[in-house]
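Both of the next two complexes hold subunit A, though its partner changes from subunit B to subunit C.
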Partner chain A sequence: MGCYIERVVCEREVTHDAKELIPDPAMRRRMSRVVKMGVMTAVECMGGVEHIDRLDTLVTATGWGCLADSERFLRTLIVEREQLLNPTPFIQSTFNTVGGQVALLRHNHCYNVTYVHRGHSFEDALLDARLRMLDGDGKEVLVGAFDEQTPSQHRIMGRMGLFRRVQDGEGAVFVKLTTTQRDGVVAELTTLDFPTEPLDETSCRARYATTDRTALVWNDYAEAGCYPTASAHAFARAVRMLSAEVPEVVVYHSYMGSTPTVIVVRWVGSLV
Partner chain B sequence: MRIVVGGVGLVTALGVGVAENLTAIRQGRSGIAAEPALLKTLHHLPVGELAMSNEALQTRLGLPEAATLSRTALLGMLAVQEALADARVPEGLRKGLVSATSVGGMDLTEHFFAEFLVNDRAGRLREVRMHDCAASTEAIARYNDIRGYRTTISTACSSAANAILAGERLIRHGVVDCCVVGGTDALSAFTLNGFKSLMILDAEPCRPFDESRQGLNLGEGAGYLVLMRAEDAAKCYCRVAGVANSNDAFHQTASSEEGEGAFLAMSEALRRAGVAPEAVDYINVHGTGTGNNDRSEGQALRRLFGAKMPPFSSTKGFTGHTLAAAGGVEAVLSAVAVHEGFIYPNLRFTTPIAGLELIPETTFRTDVEVRCVLSNSFGFGGNCSSVVFTKEEK
Partner chain C sequence: MEKLIEELKQHLIEELNLEDITPADIDAEAPLFGDGLGLDSIDALEIILILEKNYGVRLANSAEAKPVFYSVKTLAEYVMQHRQ
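== the complex of A and B ==
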């Protein structure tokens, strides 16, 4: 069974207004920056809030989760000595907040899960979605990744010396998948792999490329900087690169030296 | 393909190991103390805390004293060690790990952050290296030599049930040959204050499904199961017959009055297991002890089982609510229930919830045959998951 990509949207490609994408003003108000960014990207990817109704699978991924709200709650509990705390940042700090809020927008009861495995989170979410599709449980599937930068996180990771060679980053990417190669499908996800050892470009190409025009996207942090789910941005770029001239792209990613992930996407010839 | 539970491991406030936990439950001894002894907090609230410091846990695990590991990782390492020793996984099988956590390394981060707030050049960096959820999973995998596919799931209090769902599927699709699944969460000031701010912590030991219930008690612990193909298993607790996930999609933290998410998760898990509601012999309910959860879950149970309600209990009166670990802790108890023919008591129950009239089991029963158990785990974000275990003869 195929795993087809209908649409990929990054946070900067969201064109609609927050009021359209998240109609409930109370929901909008309570959302932290990353939750709003994630939910807006998800709804934009679905082409409007009403289309959330048709989802049967919603899988989200985040390395850090809702960092700003976690930090806000932690800071207040320390400063206020555990007294009279506002529960909102705690409520919104759970890793599954974006997935929960997307479901809540249209009271969609479908399968909903969140992966939080650092640099693998997005690929783990894709694997979950793919296996659900193979089982016949997932036909209309939304997979997304999000992470946010905060001043404290930047400062702490800077102290660890992690940003000497890469730029810190953040972002949200959602992808709409389907099992049928229908109109509007832009690409096919053909391979998803978790090699146990790092690969070099030659061995990666030898192992995964099926054409001599296959392009490689290699540890790509150019678009949104370096953050745990940055490979979702690299994946989005790979899908945009596909054409008759570049019929296949291999995305190789190893976040901060961890074991790599590989995603292969193939052109299906109907790029809009 | 038949996927079975081949080994189990458990650490809660009741003790380290499945045997210690079962002894306490059999004796009706709760793990909930009047206030934390180890957790640094100004609140005097009942919690289910394991009476072992991080240093004691490290010694027990044979780790160097200087190691800086989150308590979440330490609890998980112990439970996974027990589960793998129990399962005796044959050489050559590719082992995976799907671990659930909601707090990750928050216990260490809290300590770091207090110093960092005063001076951003202060605080020991090794205390934040374990902040993210994956850090505990990777530490557990390293310690227990799990080299195959590893991942972490976090869907609040339903997390570990979703880890069971994911692990079962990974084996079925041949991504791994055998998969350790479950969850771990340590107590933290973050979660204690979080639930306090939501005003859902009982100042007394919790009373799940009782009319007088006032909220939950937080607990800590880890519960893991080794899932394997039936033909690979040396020992077999039960079959993983059906697992399902649904979203209540009602409110970020509260459950709907009619328990729609819970109803859908339970119905779907039973459908996948090919089991009729009448065939369920015991339900380990989510039963946190909050007004909202127990009423909502109770409604869902009534809708599904009608007047023919099977024996049920919440074991959170013993362990406290172990958050992301709860689905793992309770799945271990449920697997043992099928294997041994146990039904666990629900502590501190006297009066049924008005309008629901649901009466949980209050004694430890060994006089029944338990062929099918349903275990529920629900969480913030509307996540509802149910697991069905059935008897499988080896």
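== the complex of A and C ==
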């Protein structure tokens, strides 16, 4: 069973207005920045809110979750001495808020799971989606990843020296997958692996590249900076790189030296 | 009373993050829930906090909530009577 990529959208590629993508004003006004960013990217990826009806699998990934709402809730907890707590930041601070809000837009009660697995959350979400597709349970699948920066997170992680060599980052990426190689499919996800030890570029190429024109995307933080689900941005970049000249791209990622992950995408034109 | 009504409208807009709405757009006598501003039960909890934080007003029992929360005007009247 194939795993085909129909569309990949990053938060900066969202062209439609929030009111169009999230028509319910009550939902919109309660959403924090990251929730709005995630939901808008998801709906843009689906090509419009009404297409959410088609989904049978919705898997989201985040390393940090809704940080701003969590901070707001915790700050109120301290300032108000555990009294007079606003319900909205608490409700919206859970990791699965983006997945939940996407489903609520159209009351789609399909399989809806969120992975919070630090630097490989996105890859674990992809793995779950892929397994559902292999089992025949997932035919129209949306997988997404999101994380947000906040001033406190930036300050704390900066003091730990984590941004000496890379820029702090944030972003949202959603990918529409399908089991059918139909019109509009842009690539195939051929490999998703979790090597047990770090690889260098030569061994990575030797293990995963199937052509001599295969390109490598290596711990790429150039587009959106460094954050737990930055590999989703690297994945999006890899899909955009595919062409007759670059028929395959291997994405190697190891967030802050954590468990490495490898995603291989192949240009569908090369299969014909 | 008028000043309090304007203040409450401002609190509602800020705390409930009401988009594209100014105090002038809110009819003080129109229902807050359902047809009027279209608020819901989560907003009701936020309004309870607005009253308590800003005016020290606490609803004595939940049966009072429905008539008190009917409109901005009924909220203002309740605050006038019970503010500390």
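Keep in mind that, in the parts below, the second predicted complex is superposed on the first by the 269 of 272 C-alpha atoms of A that agree within 3 Å, B and C clash if a C-alpha of one lies under 4 Å from a C-alpha of the other, contacts with A are read in each partner's own complex, and residues count from 1 in each chain.
As a working rule, contacts are C-beta pairs under 8 Å (C-beta built on N, C-alpha and C of every residue); 3 or more make two chains touch, one makes a residue touch a chain.
Because the structure is predicted, anything quoted here is derived from the model rather than measured.
Visitor: Is the arrangement of subunit B and subunit C around the shared subunit A a clash or a fit after superposition?
Guide: When both complexes are placed onto subunit A, subunit B and subunit C end up side by side without any clash.
Visitor: Between subunit B and subunit C, which one contacts more residues of subunit A in the superposed model?
Guide: Result: the larger residue contact count on subunit A belongs to B.
Visitor: Contacts for A:Arg207 in the overlay, against subunit B (first) and subunit C (second): which applies, first, second, both or neither?
Guide: neither
Visitor: Under the stated touch criterion, which partner chain does A:Leu131 make contact with: subunit B (first), subunit C (second), both, or neither?
Guide: After superposition on chain A, A:Leu131 lies in contact with subunit B alone.
Visitor: If we overlay the two complexes on their shared chain A, which of subunit B and subunit C does A:Ile91 touch? Say first, second, both or neither.
Guide: Both: A:Ile91 reaches subunit B and subunit C.
Visitor: Which partner does A:Arg54 contact after superposing on A: first (subunit B), second (subunit C), both, neither?
Guide: In the superposition, A:Arg54 touches no partner, neither subunit B nor subunit C.
Visitor: Is A:Gly99 touching the first partner subunit B, the second partner subunit C, both, or neither of them?
Guide: First partner only.
Visitor: Please indicate which partner A:Arg81 is in contact with in the superposed arrangement: first for subunit B, second for subunit C, both, or neither.
Guide: first
Visitor: Angle subunit B-subunit A-subunit C between C-alpha centres, in steps of 10 degrees?
Guide: About 70 degrees, rounded to the nearest 10.
Visitor: Does subunit B (first) or subunit C (second) touch A:Ile156, or do both, or does neither?
Guide: Once the two structures are laid over each other on A, A:Ile156 reaches subunit B alone.
Visitor: After lining up the shared chain so the two structures overlap, which partner does A:Arg28 touch, if you call subunit B first and subunit C second: first, second, both or neither?
Guide: second
Visitor: Quick check on the superposed model: minimum Cα to Cα separation from subunit B to subunit C, whole Å please.
Guide: When the complexes share the chain A frame, the smallest subunit B-subunit C C-alpha distance is 8 Å.
Visitor: Quick check on the output: what are the common subunit A residues between the subunit B footprint and the subunit C footprint?
Guide: 30, 85-87, 91
Visitor: Residue numbers of subunit A touching subunit B in their complex, please.
Guide: Residue list for subunit A touching subunit B: 30, 58, 63-65, 70-71, 73-75, 77-79, 81-82, 85-87, 90-97, 99-101, 103-104, 106-118, 120-121, 124, 127-128, 131-132, 134-135, 152, 155-156, 159-160, 194, 196, 228.
Visitor: Going by the contact rule set out above, which residues of subunit B touch subunit A in the complex?
Guide: Against subunit A, subunit B makes touches at 41-43, 101-102, 104, 109-110, 113-114, 116-117, 120-121, 125, 128-129, 132-135, 137, 147, 149-156, 162, 165-166, 169-170, 173, 175, 189-190, 193-194, 196-198, 245-253, 260-261, 264, 379-383.
Visitor: Where on subunit C does subunit A make contact in their complex?
Guide: Residues 15-19, 38, 40, 42, 45-46, 49, 52-53.
Visitor: Across the complex, what residues on subunit A touch subunit C?
Guide: Residues of subunit A touching subunit C: 25-26, 28-30, 84-88, 91.
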